[in-house]
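Note that chain A is present in both complexes that follow, paired respectively with chain B and with chain C.
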Partner chain A sequence: MREATEALVGAIERDRGGLVIIACPDLRLREALVEEIESLVPTAAQAFRTHDVTDAIRAYDRMALLIPTNEREVVLDLDGCRDQTLEPARTQPIVLFLLRDGDGFTALATEAPSIRSWASGNDVDPERLAEIDVDHERATFNNSTGMTPEQWLVAWRDESTARTDANYALAARAMLLELK
Partner chain B sequence: MVPDWKALLPHRPLDPDTDQYVPPPTNGGERIAQWILADRTTVLVAGPVGIGKSTELARAAKLLQAERSAFLVRLDRFENMKRVTVDQLLLRIAGVVATIAAEELELTLSFVLRTALFRKGVLAEKPRSTSVLGIEPLPPVEASPASMLGVTIAEIANKSRRVSLILDGLEKLPDSPIVSELFDALGALGDDVDIITVLPWSLAFGGADTLLRPGERLVALSAPEVDGRDPRGRDFLQEILMRRLGLTSEDIPADRRPVFERAAIASGGIPRTFLQLVADAGTYAHMRRNDPWPQIDDLDDAIKDQVDSFRRILRKGDTNAILAIEGEDGRELDLERKIRLLTHGVLLERNAKLTVHPLVKPLLPALWTKPDA
Partner chain C sequence: MKEWLGLYRQHGELRVDGRSAVSEIRQVLKHIGESRGSIFAPHIASRLQQLNNKRNGNQEFRFADEHGEPLLLKNHPDWHETGHRRIHLDEVRLHIYVVVNRRDNIQEVNLMVEGKRRDTEGTLAIAVHLPDDQITEKADGDRQGIGACGHAAFHCHVGPTLDALPKLRVPLPPIRPARALEWMLSQVVPAYEPALWRDVKAALKAPLTSA
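Moving on, here comes the complex of A and B:
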């Protein structure tokens, strides 16, 4: 099963200096998703917000959180300038936030195949992925770890569990399934 | 050996001097070079996203270097291809060619020309006079970009060998008059220069073969078959993977090898999609189990990610249109839809027939029961 946070982290991790697209159901949730990304990424990524493609490309060693004011124009500019992110080689991705049913995704489909191709498989709709069958997923968690999410989180929270990428992802999954 | 999945860089084309190049079964780079060396002056290159056009152009540039002054000009590394003008493109080509001529071929172009290019902002260093007396004629006040490019090519050809221009990035040009204006300008350079260029999407899949002029050749890069008995397509993709990871196939645990075989089939033969699937599956394996190698479950989720991506680019009416032409030659498809679906690789061309990409098939239940031909 793909879990929303895992899919987000996976998209950011997959291509060094690549492009990640986050699908947002509406403007309010877009802000929440930007904040979630800011909380997930390491400090070393030096994540910053911008609405300008040139700024995003120029800061090749920082994670650019690209939040468009005009989605179509930003998508077209990314398509037109795509290969400028290759020299100097980016060390951090550009994370583009687009409304799920907005002009940005339409432009990707109809006018910007090059940049769409780069992001293929890296375009995540975390809200849609979060719509899960909790009982089924708790059982799956139990089968794979031998613990309930609550039991696993006890060890995580008293810091007796190693802080690896895999465990961070598992912690996010356990918290999602934790019974409050 | 622990694989570094981030080293795959699915979005990065290879450079001419790389040792990671793997010749595809269709040998695009070699075909391009062979046509030029057989005295064709123009080769037009077409293919869907991710097929390796930039890599094959770089390969062609490398192969041509023995007999030509070959210049690989990756225009999209300098210009916003959605907003550029024809004059900017011609100047940029001239500037890149002049820079490569100086830095790699050690050719010194005239002070007049270098000064003119510098003033146009396409040459980084301000030229210094090479005259023994320190006196050089002043550059002309104004020359057209087309003539400056023509002069650049002529000076190099006089001092070295025949010039081959290999132009990458033009596929991103918008569907507007700039395309015909640019190709007219390139055509006006005459037969003293070879032009190898990627075609804009609208021409590549909009009947490019009917637009060819005498001496011109279209090289269509297509995905190799990966789902049949012939293993060459799958072997090609897996060899790319090994070169990018710096590993050999023996480094892959035997029980995980089916993952890569299946990723090759799911990719439809598109190298970028294959690398994305493997990188995605490898990242899942690392995050979930700190496992250096992906399992089938990880690949399944990577496949779902790609299927979701394809779902987002399908427009109203696409499903019925795809079902209607699957296995046909596509002549019934309206042009806008045909260009869009072929460009994205939703439809793949094989033996003059259109087939649906394997990652799109899960979105088309009507195809699930259709027996394979």
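Moving on, here comes the complex of A and C:
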């Protein structure tokens, strides 16, 4: 399985002055992903949030976290301003947050395909990458413990399971896999 | 009972904004990773890995290497109280597990640092727990212990192991999990003290609004 957080960091570091596109499932998770990137990137990158393409381009030596209020408009603005990112050469990327099913991705596909090539593979959907194969993971849990996650959690919640580091790891995994 | 009930409620309020709580933990790891002579590599915050279960909406965050194993702290300095005797700890590992549910509430937080003492050849474990606390079919739900005083929802353990007797659970104030991680690391590496007395003193002197 590809690690979501490592993929996110990899996309940002791959092309220092380039464009990174982060796909977000919804507005709540968009905020979570912005916070996640702020917590991951070096302090020296001086990451800042903006809704505005001009602000993002002007700060060529800072990491711009571009969070559109109008996704289509921002994609088209970026398409029209790409030349301005060449001189002075950017030393930090622009990180563009687009809703997975929003107008931004539609505009990328239909009106601004060159933006997609600018991002050149630096587009990542971390929430999708983090999705597990639930049946496979439950079978793996069962094979290693001889119990379903629900059975294991009964003993854990009754405090009849030893509080070891290995069991804390299993508890977290069982809660991830628990049927609700 | 009133104050214990109040503390229980305050601990419950810590569970909101689970994803933000995870980012706050990453910020602590990043800050330490960027400090001189750090026990972590600079990009260590990215090792807090995420797994999503699309069916139940739960998310697991686990601090681990590429094989899923707890990370060994590098360049770990001697544990010591300033001006007093030092304790060598070997094979120091940091464990972080956070489970966040569909409503973005923290279901469980487990933080632990453990190592081997060179002086006694024993072990030392410091842990912070905010256990699972959901109302289920049981009368007391899945709350642990018999009450909110002896087993406060957000508590810490310090001892040779987590199961060693006496198994003491010390209630923690209602601080965010990231602050509890800072506390835990400051116990092992005093240089990571996030609230130096000189800064506290300066803040106390400053006008209330900027403190």
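Observations on the structure shown:
Methods note: the second predicted complex is superposed on the first by the 131 of 180 C-alpha atoms of A that agree within 3 Å, B and C clash if a C-alpha of one lies under 4 Å from a C-alpha of the other, contacts with A are read in each partner's own complex, and residues count from 1 in each chain.
Following the convention adopted for this analysis, a contact is a pair of C-beta atoms (placed from the backbone, for glycine too) under 8 Å apart; a residue touches a chain by one contact, two chains touch by 3 or more.
These figures come from a predicted structure and were not determined experimentally.
Residue contacts after overlaying the shared chain place A:G121 against chain B, while chain C stays out of touching range.
Residue contacts after overlaying the shared chain place A:E38 against chain C, while chain B stays out of touching range.
In the superposition on chain A, A:T164 makes contact with both chain B and chain C. After overlaying the two complexes on the shared chain, residue contacts for A:E131 are found with chain C alone; chain B is out of touch. When both complexes are overlaid on chain A, the residue A:V9 reaches chain B and chain C alike. For the contact definition in use here, the residues of chain A common to its chain B contact set and its chain C contact set are 6, 9, 164-165, 168-169. Across the interface of their complex, chain C is touched by residues 3-6, 8-9, 28-29, 32, 35-36, 38-40, 42-43, 126-127, 130-132, 134, 157, 159, 162-165, 168-169, 171-173, 175-180 of chain A. Only residues 1-2, 6-7, 9-10, 13-19, 23, 76-77, 79-84, 86-87, 89, 105, 108-111, 113-114, 116-125, 164-166, 168-170 of chain A touch chain B when the two sit together in their complex. On chain B, the positions that touch chain A within their shared complex are 5-12, 49-50, 74, 76-84, 169, 171-172, 174, 201, 272-273, 276-277, 279-280, 283-284, 286-290, 301-302, 304-306, 308-310, 312-315, 340, 343-345. By the touch criterion given at the top, residues 19-20, 22-24, 26-27, 30, 34, 42-43, 45-56, 58-60, 62, 66, 70, 93, 95, 97-99, 104, 107-108, 110, 112, 114, 132, 142, 144-145, 161-163 of chain C touch chain A in their complex.
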